[in-house]
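Shared chain: subunit A. Partners: subunit B in the first complex, subunit C in the second.
This part shows the complex of A and B:
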């Protein structure tokens, strides 16, 4: 500590240690806040159509277009250290060749990023040093809107009859008449400092964190290919297949 | 004249302080940084605002730099009392291997 340079080095060195310890405390403090996420997901409509992965592809595949309702409450996942939340919905279905050992296939049909309050409203101490606007009209306009805007807790996701973001297909290219499909909600909490945390399945508990309540749809079956009969055999088989599609969509 | 100026510039750049001052800066920097880090966490947690933690911690570090790094006169209050020039030479001298060196 005898010269300026040595003092600067020592102060900075100890500052990094303090910053690390504060970050560690912040990351661990997340465990104190209880988490009770809940989600209800229901199938609205499902269609299977033929399509191509891209315009010039000679390969034709079957694509499932799944419409759904989502009513989720993830507000408890937002604590002071949460930066953003990534939410997604997967469709899980057993593999085409039903060998019992094979894992079920999963495909994401919808996802979104939910920003926390601290992410969408960054706090900057330098704004206190900024000069107030000189014109008198602007603050009059801006102040009432600021007062009206309540500090909402983000994390409520409500979707009614939502279209999927992604139309899914299987690696085999065949998806029609696939049975035992379920929709599941998953999430990933991204903190400012600390570890990423993923979906806690229903029934699991980790300290004060509870697993998701609900979060799975009822089992449903994929309908037959839409318009298959109309394309290949326009007259004969048209009576049978559309009815089957309608029936399975109600499930 | 030029030598004096150069020496002044060097002293200003090095910013040396005495032993007592070094002890003080060590203590002061440790206390300011540790307290500001703890305060940053507590204030942020109470207000549930991570930005409070960030800026309290950073301003604590800035204060520590401002207080400790420049060679303030209060870090030079007790200069070391060296023996007067040439005092040790005449009487005792230094003995190495039984021979007296002057």
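This part shows the complex of A and C:
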């Protein structure tokens, strides 16, 4: 049985086997690289103001505007299988008017995408053809060779007195005088292939991966509502229309 | 081709058909088994559009897990909006309740400026963990889902593929 069909079948089968094994080994190899992330986060300033969820909403809610300093080193989270790192800061606070056993509420006040080197400089096989000289003339030797730029390792995040990206509000619409608030850094490593990994809390260890060093701010309290006069310009929390990232079942 | 068919013994022909049925039912059982293991109606989904770019692009395959009901902030969840068919993949950015209280979540696409309140059903401000969410993304494989996208956009390909598979199995001789 050496028909074209059988050969094509064998080649395709071999290709899928090799692709699957490579993907599997790549996904597993991530466990071998040590991870030692660290972060310090500090509160700079916090204000609570009245606002509306969007421009045409009659609803009035209290919004917290939290400014912060962040100094984080996530370079060790980048390995050859890292596509991007998603970093965020959450504000964690106890919900109002409930017992102390209730789960704390959480809201993201700032986030960013940190691209890996392989994501921002994708491999381009045509690059080699572009560089090849078209003429047969030898290149002059006197031209100074271009200095190779040092490959910066992504993952250092430094922010001074940064504004929040999102003004947060509570489900009850009230946030002023809320006590026991903390800021926390979290992340999600998104791979080229394999499992997604999330924040490893301080003190935890998973094989060669260490939990984050620091990563939490001191506890603080929300101030009283600012500018109670009705004339003050209200905050509008969101702008723009979201697009849906749609998905469908495989079968 | 037909000469090959006619040269088969009827018994052998029936065995091949049985084999084909076995292959199909195995695939179906694997899918349903995975559904039971992950507690999700569709444990593997394909990304169709790009509001989670550059992380998830069209044609990427996502593996879901739906057993952890205590969804944390920063997790990427797939949810169904009431009254709409197509599930949506977005990240959890706010989280209220949990434990004995119902867990309420607000989501947002990494590539979007605004959160998803406008995408939800009329009058709905938050997602209910136990009702709306069909799973949380745990694994990722690029490109492979393009096969599914092709099949769903050109339905005749499905018939052709099934036909080819059937003919191959029937004609194949051990």
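Here, the second predicted complex is superposed on the first by the 207 of 251 C-alpha atoms of A that agree within 3 Å, B and C clash if a C-alpha of one lies under 4 Å from a C-alpha of the other, contacts with A are read in each partner's own complex, and residues count from 1 in each chain.
The rule we apply is simple: a residue touches a chain if its C-beta (ideal position, glycine included) is under 8 Å from a C-beta of that chain, and two chains touch if they have at least 3 such contacts.
Just so it is clear, the structure is predicted and the values come from calculations on it, not from any experiment.
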item	value
Which of subunit B and subunit C A:25 touches, first, second, both or neither	first
First (subunit B), second (subunit C), both or neither touched by A:11	first
Subunit B versus subunit C as contact partner of A:166, first or second or both or neither	second
Comparison of subunit B and subunit C by subunit A residues contacted	C
First (subunit B), second (subunit C), both or neither touched by A:3	first
Partner chain in contact with A:192 - subunit B first, subunit C second, else both or neither	both
Partner chain in contact with A:95 - subunit B first, subunit C second, else both or neither	second
Which of subunit B and subunit C A:123 touches, first, second, both or neither	first
Footprint overlap on subunit A, comparing subunit B with subunit C	192-193
Parts of subunit A lying in touch with subunit B, wherever the complex brings them together	1-5, 7-8, 10-12, 14-15, 18-19, 21-22, 25-26, 29, 79-81, 118, 122-125, 192-193
Of subunit A, residues touching subunit C in the complex	23, 53-54, 83-84, 86, 88, 90, 95, 98, 101-103, 105-108, 111, 113, 115, 119, 166, 168, 170-171, 186-188, 190-196, 198-199, 238-251
Footprint of subunit A on subunit B - complex, ascending	13-17, 21-22, 25-26, 29-30, 33-34, 36-38, 40-41, 44-45, 48-53, 55, 57, 61, 64-65, 68-71
Contact footprint of subunit A on subunit C as seen in their complex	31, 41-42, 44-52, 54-56, 61-62, 72-76, 78, 86-91, 93-101, 103-104, 108-119, 126, 137-142, 145, 148, 152
